[in-house]
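Taking it in order: structure first as structure tokens, then the write-up.
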Amino acid sequence: MTEPTALDLPPVDPLPPATQAYFDRCVEKLGFVPNVLRAYAFDIAKLDAFAALHNDLILGPSGLTRLEREMIAVVVSAENRCFYCLVAHGAAVRTLAADPALGEALAMNYRVAPLAPRTRAMLDFAVLMTRASASVEDPDRARLREHGFTDRDIWDIAAVAAFFNMSNRMASALAMRPNPEYHAHGR
Amino acid sequence: MTEPTALDLPPVDPLPPATQAYFDRCVEKLGFVPNVLRAYAFDIAKLDAFAALHNDLILGPSGLTRLEREMIAVVVSAENRCFYCLVAHGAAVRTLAADPALGEALAMNYRVAPLAPRTRAMLDFAVLMTRASASVEDPDRARLREHGFTDRDIWDIAAVAAFFNMSNRMASALAMRPNPEYHAHGR
Amino acid sequence: MTEPTALDLPPVDPLPPATQAYFDRCVEKLGFVPNVLRAYAFDIAKLDAFAALHNDLILGPSGLTRLEREMIAVVVSAENRCFYCLVAHGAAVRTLAADPALGEALAMNYRVAPLAPRTRAMLDFAVLMTRASASVEDPDRARLREHGFTDRDIWDIAAVAAFFNMSNRMASALAMRPNPEYHAHGR
Amino acid sequence: MTEPTALDLPPVDPLPPATQAYFDRCVEKLGFVPNVLRAYAFDIAKLDAFAALHNDLILGPSGLTRLEREMIAVVVSAENRCFYCLVAHGAAVRTLAADPALGEALAMNYRVAPLAPRTRAMLDFAVLMTRASASVEDPDRARLREHGFTDRDIWDIAAVAAFFNMSNRMASALAMRPNPEYHAHGR
Amino acid sequence: MTEPTALDLPPVDPLPPATQAYFDRCVEKLGFVPNVLRAYAFDIAKLDAFAALHNDLILGPSGLTRLEREMIAVVVSAENRCFYCLVAHGAAVRTLAADPALGEALAMNYRVAPLAPRTRAMLDFAVLMTRASASVEDPDRARLREHGFTDRDIWDIAAVAAFFNMSNRMASALAMRPNPEYHAHGR
Amino acid sequence: MTEPTALDLPPVDPLPPATQAYFDRCVEKLGFVPNVLRAYAFDIAKLDAFAALHNDLILGPSGLTRLEREMIAVVVSAENRCFYCLVAHGAAVRTLAADPALGEALAMNYRVAPLAPRTRAMLDFAVLMTRASASVEDPDRARLREHGFTDRDIWDIAAVAAFFNMSNRMASALAMRPNPEYHAHGR
């Protein structure tokens, strides 16, 4: 099994029972433990803080569907050219949408994907935040409201886009390597 | 008291006792509750996940001093031109370093600040991650090791820089307003 | 069958026998006529000029292998975020290299791909030409020679990279749509 | 006679009769053989493929005038800061328009040139394709149609702009040197 | 007293009486001689030419208030990340506006400052000139006129913005150091 | 005679005798009054301050030759795509160097011009100041010293480059139109 990053930070050994149970659930569901979790496992407080934030954003209650959140993950990661996140979340989009071409389009150039105007507006906001966050102003938020997004939805769009701007940078800064199994998912 | 962001997401009312106690400690220590915490208080799970990650990164055990972590926060926020974070973390640098001019220099153009080469290397890495994370490669990490940073230190540099790339984007996307008290801190 | 581009320029009908034979050979070999050829078929002189240049560059005699030329196509297309070319030439890299992960890495961020230094130098030159051609100078060509590339090889690297800077722009300017069959190739 | 590029790739010697005849016609018409043709003459298949594409685009039947096509060549080459193409096609614009100042303005900053709105729209599209081809979308093509361009015209605008994005990169990557005679043309 | 720049260019000694009187007036009014003046004092012709231009622009008759001119100075200097000018003119904005937070906002991200639309339009023009002067066109000037600016006002906006694009570059190119007294002004 | 800019700011009428004499000398020497001077003539204090600074920098005593100063003017103006300054100072380079091709190369892409390493270093510094002044640091100044430039020379390089960053922006912001006579100079 390859190291999850370019740093020499081996996981706590043995893992605490709760962590081991979490990793076992990953194996059960995905067939493997995502390398991002293996990377954080050298410090359980860090792993828990990261996982809590990630899981609240991606799996927690929200006006955004799970697929919408994964679409944001992919376009932000494409903007930042993050290999790890494009592979992992590209797989999620392909699987959730049951549409491999959509996953590819979002990873390559989301402007060519056939998207509903509401979805396009959501992704445009996420990309603007990624490229030039200091230029976001009231009209940008107003455009989301015009497409029917509530203030709570806007929070969630911003939070998911912001999270992947963090996560992309951790992955790229540390040369995080995606598990090879992702490549075949949802093809 | 002004709204903490441009969104209409009032805090849970009443706050759960643990949250109220946390906010009370802020008032005791800083004289006010930072608006970022008031902003997240519409959903306690989100507030807790954000605070856990922030506090682990800024206050948790690390080979980096508290000042070093705040310096990373400021140069990343300067790169992203995040008003909220520059005000709040600029104040922290001024206070921790007891050097108002250093805080200003880091917020305006960190290249002009009189920094030890090790500190400069740390900030260069944080800025590279911010501007062009996909271009980080082995020689960039090697440069940090040459300055005496351990792999654990490199993780922490990356994690703090990545966190503020998230936090800057939340603040700018939602027009988060810094508490006015920060401006006078450490002058 | 969807239109190959956003323009209303139907193919010459009937196709001249030589063109029809060329298209038949495509169907035999790939299972379909690539949309780029269908797009040019409204004017046989244009189709022939394009195909002659493409085929000389990709299939003609060269010190570069077929895979090397396709790798250049993919990294240039990634730089330009050209959906059509990433799909079509990403498939070619996956198939020729028998390595799906390599194709993905080149399409997402070629810096993370495990490449021989010579290959990396070749791709760095192609990317430099794509991003900032006016900044190419003697030391850039010298670096290729140090990796063993001859002047003829340098011509070919430049010619392939330049060609895809043309081709990417035609595809994006006209909203060229990749044939859906490409997505499954080489997975 | 100086070498046409920085590469040591001498022309086939003797040139095949058809090539020699082509070069003789150039001398007759221009007073010299353009260095771009001398550069390609190390491989007649490459020379022929390049010349066929170039001549179809610049001299072939089109809804665009010869001057319009040369104007696109100049603004694209200005965007890419390609010395060879600016010199050669700047001369063509000066001569065809009988207006030296127009040639200069297009080479320096086409926004200051006194252009008909239709011409300006054509050049804006060519510049957009050059700078950010992945961002071209339906409204960009619609704007050209509003100015009276047909779909065939749009193809030609795109094809000329794309061609010079190739040609500029070949010239810059190989340090192609313009024939000195161009400087005096059309002054 | 530290050197005003990284160059070894000591002031004329003794200063001519008029220069000495000018410097004495600075000490009287500000408590010190601004380092920019000490820097130019190696050559009195250069000092006089610089001071004449600066004083005409900042203190001379104009439809713009003194505060408006200083606001332009700050946003241009923020765009160029000029430490010297941000410190010196940030202090001027804080003092003239009697509003420390406004000075900070303009120095960090002027888009978040609560500005009248007319002021915002003025600063947008100054920033556009700073970032991409070649793209300024008639509609940009028309927008200023719509906000009530006269042609003479537009000249002054342009002249102040242009001046600080010069001054920022002198300061950064020569590592000009701001007098430490500025940091405390207007807090 | 066309208006010198897009603003309606007619010259003082009659001009003061000293200004009239200056303009008469221009006509004698160049055949016309440069439009930049006609533009400033609506306010004699502004005209005098501008002319004093310009003339000190371009004509005053310096370790840089007049041609070197004009070369800086051209590469800075090329970087900023300033039509007025490229036309006027391109003409000056062509005339002073008696080399039309050099003037063209500097205006189009100075990297292709055959320059002495010392001259190239000077122009690289001017371009760095133009593009990214905040990134200039000690090693950049040290490189100039290695090429034999004194600290006074470095001041002059910086001052000329900074001046044209001002002048380019005035010209572009106000749509300043170059006198047509320049186009033919030095061809």
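The letters A, B, C, D, E and F name the chains in turn, as written, and every chain counts its residues from 1.
By definition in this document, contacts are C-beta pairs under 8 Å (C-beta built on N, C-alpha and C of every residue); 3 or more make two chains touch, one makes a residue touch a chain.
Computed from a predicted structure; not experimentally measured.
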| item | value |
| --- | --- |
| Comparison of B-C and B-E by number of C-beta pairs in contact, larger one | B-E |
| Subunit A-subunit D separation of Cα centroids, rounded to whole Å | 44 |
| Chain centre separation in whole Å, for subunit B relative to subunit A (CA means) | 22 |
| Centroid distance [mean C-alpha coordinates] between subunit D and subunit B, Å | 51 |
| Residues of subunit B engaged with two or more neighbouring chains | 81-82, 109, 134, 137, 172, 175 |
| All chain pairs that touch each other | A-B, A-C, A-D, A-E, B-C, B-E, B-F, C-D, C-F, D-E, D-F, E-F |
| Interface residues, subunit B side, partner subunit F - complex | 109, 111 |
| Residues on subunit C engaged by subunit F in the complex (per definition of touch) | 134-135, 137 |
| In the complex, subunit A residues that touch subunit C | 78, 81-83, 86-87, 100-101, 104-105, 107-109, 112, 172, 175, 180, 183-184, 187 |
| Interface residues, subunit E side, partner subunit F - complex | 6-9, 42, 45-46, 48-50, 52-53, 56, 60, 80-82, 125, 129-130, 133-134, 136-138, 141, 151-152, 154-155, 158-159, 161-163, 165-170, 172-175 |
